[in-house]
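Below is one structure, written out as structure tokens; the observations come after it.
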Amino acid sequence: MSAALHEMTLAMQARALAGGACSAVELAEHHLARVERLNGTLNALLAVGADEALAAARDADARLAGKGEAPGPLTGVPIVHKDIFCTSALPTTCGSRMLDGYVSPFEATVVKRLREAGTVLLGKANMDEFAMGSSNENSFFGPVANPWDTSCVPGGSSGGSAAAVAARLVPAATGTDTGGSIRQPAAFCGLTGLKPTYGRVSRHGMIAFASSLDQGGPLARTAEDCAHLLRAMAGFDPHDATSSTREVPDYAAHLELPLAGLRIGVPREFFAEGLDTTVGDAVHAALGELERGGATLVDVSLPHQRHGIAAYYIVAPAEASSNLSRFDGVRFGYRCDDPADMEDLYERSRTEGFGPEVKRRILIGTYALSAGYYDAYYRKAMQVRRLISDDFARAFTEVDVIAGPTTPTPAFAHGAMDDPIAMYLNDLYTVSASLCGLPAMSLPCGFAGALPVGLQLIGQPFDEGRLLGVAHRLQASSDWHERVPEAFERASDTERQGEERARS
Amino acid sequence: MLDSGADPPPDGAPVALDSDDVKAIAHLARIGLDEDSRRRLAADLNTVLELVAELESVDTSGVEPMAHPLEATLRLRDDIVTERDRCVALQAIAPEVEGGYFLVPRVIE
Amino acid sequence: MSWETVIGLEIHAQLATRSKIFSGASTAFGAEPNTQVSVVDLGLPGALPVVNGEAVRMAVAFALATGAEIGLHSAFARKNYFYPDLPKGYQISQMSYPIVGSGEIEVPLGDGRTKRVGLTRAHLEEDAGKSVHDAWPGATGIDLNRAGTPLLEIVSEPDMRSASEAVAYARHVHALVRWIGICDGNMQEGSFRCDANVSVRERGSNTLGTRTEIKNLNSFRFLERAVDFEVERQIDLLESGGAVVQETRLYDPERDETRAMRSKEEANDYRYFPDPDLPPLRIDESFVASVRERLPELPAVRRARLIEAHGLTDEEATALTRERAFAEYVETMLETPGVSGRAAANWVLGELFAQLNREGTAIGNAPLGPARLAALVARVEDGTVSNRTAKDVFETLWNDPSSSADDVIEREGLRQISDGSELEGMIDEVLAAHPAQVADYRAGKEKLLGFFVGQLMKASGGKANPGELNRLLRERLGRG
């Protein structure tokens, strides 16, 4: 094998493990070594658990050798979890001082399911604090660099997950998406990332930002990889009252989707002002590719699309303002020193524990829900939300999937978006699917200069299989998803030598 | 629906918050801010409010607010005790505990 | 100035589920602090609420028992405020769409009259934890065992016009929730708490005065005292030119007064909004029907039956329908042939209750069950034993659960002598033995009857049927 272990996608690694070409321990050691060497530049990972990882890898190897439970397509594959998923051994910080050092007494369902599927957890990925951000510049633990250009952001809030996968520190990671936080980093980092239908993946143990919008999902390099991950992550969970009882299809088994007859809606509102030309061009090219493959492009309209950002930036902060009230220094998490009284304990713990963006959003949300303003802001936003949802429902009577750019621009430089509004406008195309609970994904479809561009696909409820199938077809006839950031391209000499030695 | 509160803004008029407004909102959220921070946040919040002000122009008459995406309904669980005593583990992460109680500065009712 | 009192009550009844409303932790009272909490009750990040179906059924049962509207579509909302015993910084409650809508409750006032009190609504919510203030210097301890216990908040219209009406209403609701089995009503343990909204106004006025809320009254006596004090306080205030401030107050039983609470929920802007973690609750007619099936017969129905079919007095029937267990006991007794309603009522309200009170036993745990007691009462009613003797048999039956009335009567030869000729024989003997007293009696000393009765009781070993004895004795004495 000439390819270094990290050059393989998750599916390739799974095949290699199954075929005995490598072991889970080898994979784990290889990736841990990469993390050790490269994480410093990226700051993608906050915690690394080498001992636990190797123990899990040994267990995986035993399973692969036929002992114990039968192995699956994820057994032995190394991953990282966004630091928003509660894990038992490693701390869960949510990118915040408020949870610095917090070890959750319970494990997220997503973590449990991926663990039981045999994945090997290497560490926890950096993120925008409490998932609030589009650049991973809001983490208490420092910003994350985009492997394609380390002076640029990887996107957010799942920036650490995206950077880790793009730099091949791991083949796949979990992320969460509330207004675009899986899709936008996927687009900025040349990855394939999917936000499932609301209720598809359990939120138990996934620290809440905006409860009616949050969904956990996979970030990987191919649709096939995402299919395997989603299958393991998804499914009804009695611990989550918003979780769907709908059966989980074997997504990976149905990736071969004929494009003939597929109607792809292209909303004109996704190509209006604000869209960077190079991004627009790459997206159009990808759409052309789909057309050549047999799909029909249909012009559709989502008349309320432009109100998505406004509605989102009321609904999400409102829910967040309530969800974050539990961070009060009483039972867990950060507590200020020597509180004089209860009020002091609350105020100083929360002021010192939360970063500026979190405070901004808590205040907006509090205001939007407050007496006298509830109707004008919160209720109004909820009504617009329904209008946006109706727009999509109408469009889906004419088309099967909706496509467009994931982001208006490629990755921007650190510090470039110092105006919060400019930052919020990054989410222009992604918030709508979140507000409506629809499944949506981003896959690489080209480049704007040296930076990746993402194509967004939005589907009907629980139609993830179709989205993955379309993405898979595109990936079968293009290689955007195979590009490697130059700085992380070639396996280092040490890595090659190590592997050659292992093989001899 | 709500107890107290100022009058809502007159239709169409943009609401500009000042640092006193921010003080009140911050207090509801138990976030302590000095005067400088309050002024900065007032400016930030005002820009966000300008962003969201455009919703006023959307005709939403007769539209039912959407609190939950997709028409899910609540599932009910059985009335069985499924949790055991995990006091020690749960309090291991607490800032201050004594005799099984979480301690906070004295509260006067 | 003539004043009218206006009172509305908000009752928080803890629903008697085994587990909490949003988590699977136990609701049992009295456990060591923080040993009955789950990650959901602690409000740990990532923990989510899941609704206990039994709490919903109990709320629907309450609606059925009061004839109130059932909210087939209801929703949970968050009430946001900061307090250390409120782990999430919000309480999950119901706001715009409660599970129980409006209704009316007929409250017996104890003197035969009833008062119609409107029910505004009743909704489900979670209880908060408990704060312990005095155990640590300068600190308060928080115990979250109670956090998440299901509550049904029952809100009345401001229809009560006196403290005693308020107490009557509270007692009635208390008895009802116990009757239908949704709440154990243990006020010392905090299972049933009242908040009273009190205001006064000029008699004849249609507008409501400013009200104060007196919170957490956990006894009927405190409720009465607190309302009385508050009414007087408000009247004094208004008569001296002051104004009532809308505020929350607490009742201090030691000083017998109400005082303003230090702002627990200061600005009172709860920012209610639909809880995004809980989709809307939709129940259908079959759900309601299944609750209806499990509902025990209501007190009013049983009360009416006891009066109409079994001839009990109003007072007796009311006393025996105060608790479902009483009514069931009596009605089981009435299944035994030869037992009349009045006799059964008498024995239960008399001997049985006295014994239960002496021992501090609940009727459900009485060693003497209704069938065995009924068998005894039947023997009194058919004249086999006298009432007096029966009381002794009662003791025996109580202490020996294997014994039956007939066995004891037989074994101890307790049959009373009712045979006329036998009694006449005894009477003749005694009269013959005391000629002087006979003469005195016939001469006018009527009190001597008691002397003869005493002699005859002695002679018969207490077994003479008193009624028969008296009759025949008078007859005999009357002659001559």
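So that you can tell them apart, the chains are marked A, B and C in the order they are listed, and the count of residues begins at 1 in each.
Operating definition for what follows: contacts are C-beta pairs under 8 Å (C-beta built on N, C-alpha and C of every residue); 3 or more make two chains touch, one makes a residue touch a chain.
Just so we're clear, the structure is a prediction, and the values are computed from it rather than from any experiment.
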item: Which of A-C and A-B has more C-beta pairs touching across its chains; value: A-B
item: Nearest-to-centre chain - CA centroid comparison; value: B
item: Mean-CA-position distance for chain C and chain B (Å); value: 41
item: Inter-chain centre distance, chain A versus chain C - centres from mean C-alpha coordinates, in Å; value: 57
item: Whole-Å gap between the CA centroids of chain A and chain B; value: 25
item: Contacts with two or more other chains, residues of chain B listed in rising order; value: 1-5, 28, 30, 67-68, 72, 74-75, 77, 86, 90, 102, 104-107
item: Chain C residues counted as touching two or more neighbouring chains; value: 39, 42, 44, 50-51, 82, 84, 140, 142, 144, 269, 271, 273, 276, 278-279
item: For chain A, residues contacting two or more additional chains; value: 102, 105, 212, 238, 241-242, 321, 325, 328, 330-332, 342, 346, 366, 370-371, 374
item: In the complex with chain B, residue positions of chain C that touch it; value: 17-19, 23-26, 32-39, 42, 44, 50-56, 75, 82, 84, 95-96, 131-133, 135-136, 138-144, 250, 261-262, 264, 267-274, 276, 278-282
item: Parts of chain A lying in touch with chain B, wherever the complex brings them together; value: 102-103, 105, 197-199, 212-213, 238, 241-242, 244-245, 304, 307, 309-311, 313-314, 321, 325, 328-333, 335, 339-348, 350-351, 354, 359-360, 362-364, 366-367, 370-377, 379-387, 389, 419-421, 424, 435-438, 461
item: Interfacial residue positions of chain C with respect to chain A in the complex; value: 39, 42-51, 78, 80, 82, 84, 87-90, 140, 142, 144, 269, 271, 273, 276-279
item: Chain C partner contacts - residues on chain B that touch it in the complex; value: 1-5, 24, 27-28, 30, 67-68, 72-83, 85-87, 90-91, 98-109
item: Chain C partner contacts - residues on chain A that touch it in the complex; value: 85-86, 92, 94, 99, 102, 104-106, 108, 203-208, 210-212, 238-242, 318-319, 321-322, 325-328, 330-332, 342, 346, 366, 369-371, 374, 378
